[in-house]
Amino acid sequence: MTIQVRYFASLKQQLGRDQDHIDLDTPLTAADIWQQLHPQLPIPSNLLVAINLEYATWSSLVKDQDELAFFPPVTGG
Amino acid sequence: MTIQVRYFASLKQQLGRDQDHIDLDTPLTAADIWQQLHPQLPIPSNLLVAINLEYATWSSLVKDQDELAFFPPVTGG
Amino acid sequence: MIQIIDQALDPWAEIQHYQHSQPQMDGQFGATAIFVGTMRDFNQGDNVSSLFLEYYPLMTEKQLAMIETQARQQWSVLDILMIHRVGEILPNQPIVLVAVWSIHRHDSLEACRFLIDSLKTQAPFWKQERLPSNQYRWVNP
Amino acid sequence: MIQIIDQALDPWAEIQHYQHSQPQMDGQFGATAIFVGTMRDFNQGDNVSSLFLEYYPLMTEKQLAMIETQARQQWSVLDILMIHRVGEILPNQPIVLVAVWSIHRHDSLEACRFLIDSLKTQAPFWKQERLPSNQYRWVNP
């Protein structure tokens, strides 16, 4: 299964790209996927997780075709 | 001493005039002045008192040259 | 600024006009909180044809100035604009505008709420409604 | 109605335009509560030359729609208009407009405050400031 992983704002700038794709055999948590994609990079504090355009947690399971996103705290308004 | 007494809104309509003048020998309270002007009319419940454009109470003393006003609860905005 | 007017009130034009007249605020304010009260065509179970707004000249201005002072003492406010209409008012016409400018949103939101709440309970205005039957009645608070 | 726009936002024209487009509201609403957020030329101790506002297309709209639904569940609201700007923004330009129409003032005032507070904490927007030195920095919440 293929997961699209999106990055925004300062995280996008830090990673130098706005998305990754990852192939998985079984559903994994958001935290697992972060570790697979960025084995050298501890999860930045305060980083937020969204699955399919809704807020999720680091232990939320990501399924096939899901859109996963990581981004820093929001500062709109 | 002469006191101007003003009436507003439904009270003005009820009394049929927007002001009275009253000559007093000594300072009186707002309640005393109401009773002198309207001996037959008990003070309407909720009626408000102002002296010189500021809210006052029925026991506030009214002095020479003061402007006294009686009016119902306000309904602006 | 406090104004009592006896003509139609266009709150959006007034805000824009006032902001343009205060260029020293440009770039300073991050928040504007606004309340507009508008005449409804229905009140207390009846259709209403028009409203007559009476006030107590000088006392109304004095009370509004006191309310403005109280707001400025409680919150960090850059500017305040309050305009209240008096006289004959038709349904869908604005009656009152309260606008507050501040650096951060908390101050303008809180002050705006305080100002309209205080205006409603302290400023000597009285509404008389005209019903479609041409009967008149004073509005109860 | 919820809009995300990448051009200049004129909140007063937008409110007027929106009210005119909703004639069924005429005479129905007695209260309009509005919040406008505007770019300041000074933040966290530094002058700021401009702002770039990034967002997460589709998620931002979805979050704003959820916030609007929550407001409608909690207060008796006739209509809600939220417009947020994205892209390059200059000092003194409006960034966000929240407007709420209701019969009585309590509902619009409370809902307006809820909407802007929720937008600020939940809607995925990010501000990057450009300083006069041409340095860029992300705004901290």
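For reference, chains read A, B, C and D in written order, and residue numbers begin at 1 within each chain.
Methods note: a contact is a pair of C-beta atoms (placed from the backbone, for glycine too) under 8 Å apart; a residue touches a chain by one contact, two chains touch by 3 or more.
From a predicted model like this one, the values you see are computed outputs, not experimental measurements.
Under the touch definition stated at the top, chain A and chain D share no contacting partner at all. Listed by label, the chains touching chain A and chain C alike are D. Note on chain placement: the centre of chain B and the centre of chain C lie 27 Å apart, centres being C-alpha means. Chain B and chain D, compared by their mean Cα positions, are separated by 48 Å. Centroid to centroid, with C-alpha atoms defining each point, chain A and chain B lie 72 Å apart. Taking each chain's centre as the mean of its C-alpha atoms, chain C lies 23 Å from chain D. Shared contact sites, meaning residues of chain C that touch two or more other chains, fall at 37, 105, 116. Looking at chain B, one finds that residues 77 touch two or more other chains. Listed in rising order, the residues of chain C touching chain D in the complex are 12-13, 15-16, 26-42, 91-92, 103, 105, 108-109, 112-113, 116. Partner chain D is touched in their complex by these residues of chain A: 6, 8-10, 13, 50, 53-55, 69, 71-77. Against chain B, in their complex, chain C makes its touches with residues 37, 53-56, 58-59, 62-63, 84, 95-96, 116, 119-128, 138-141.
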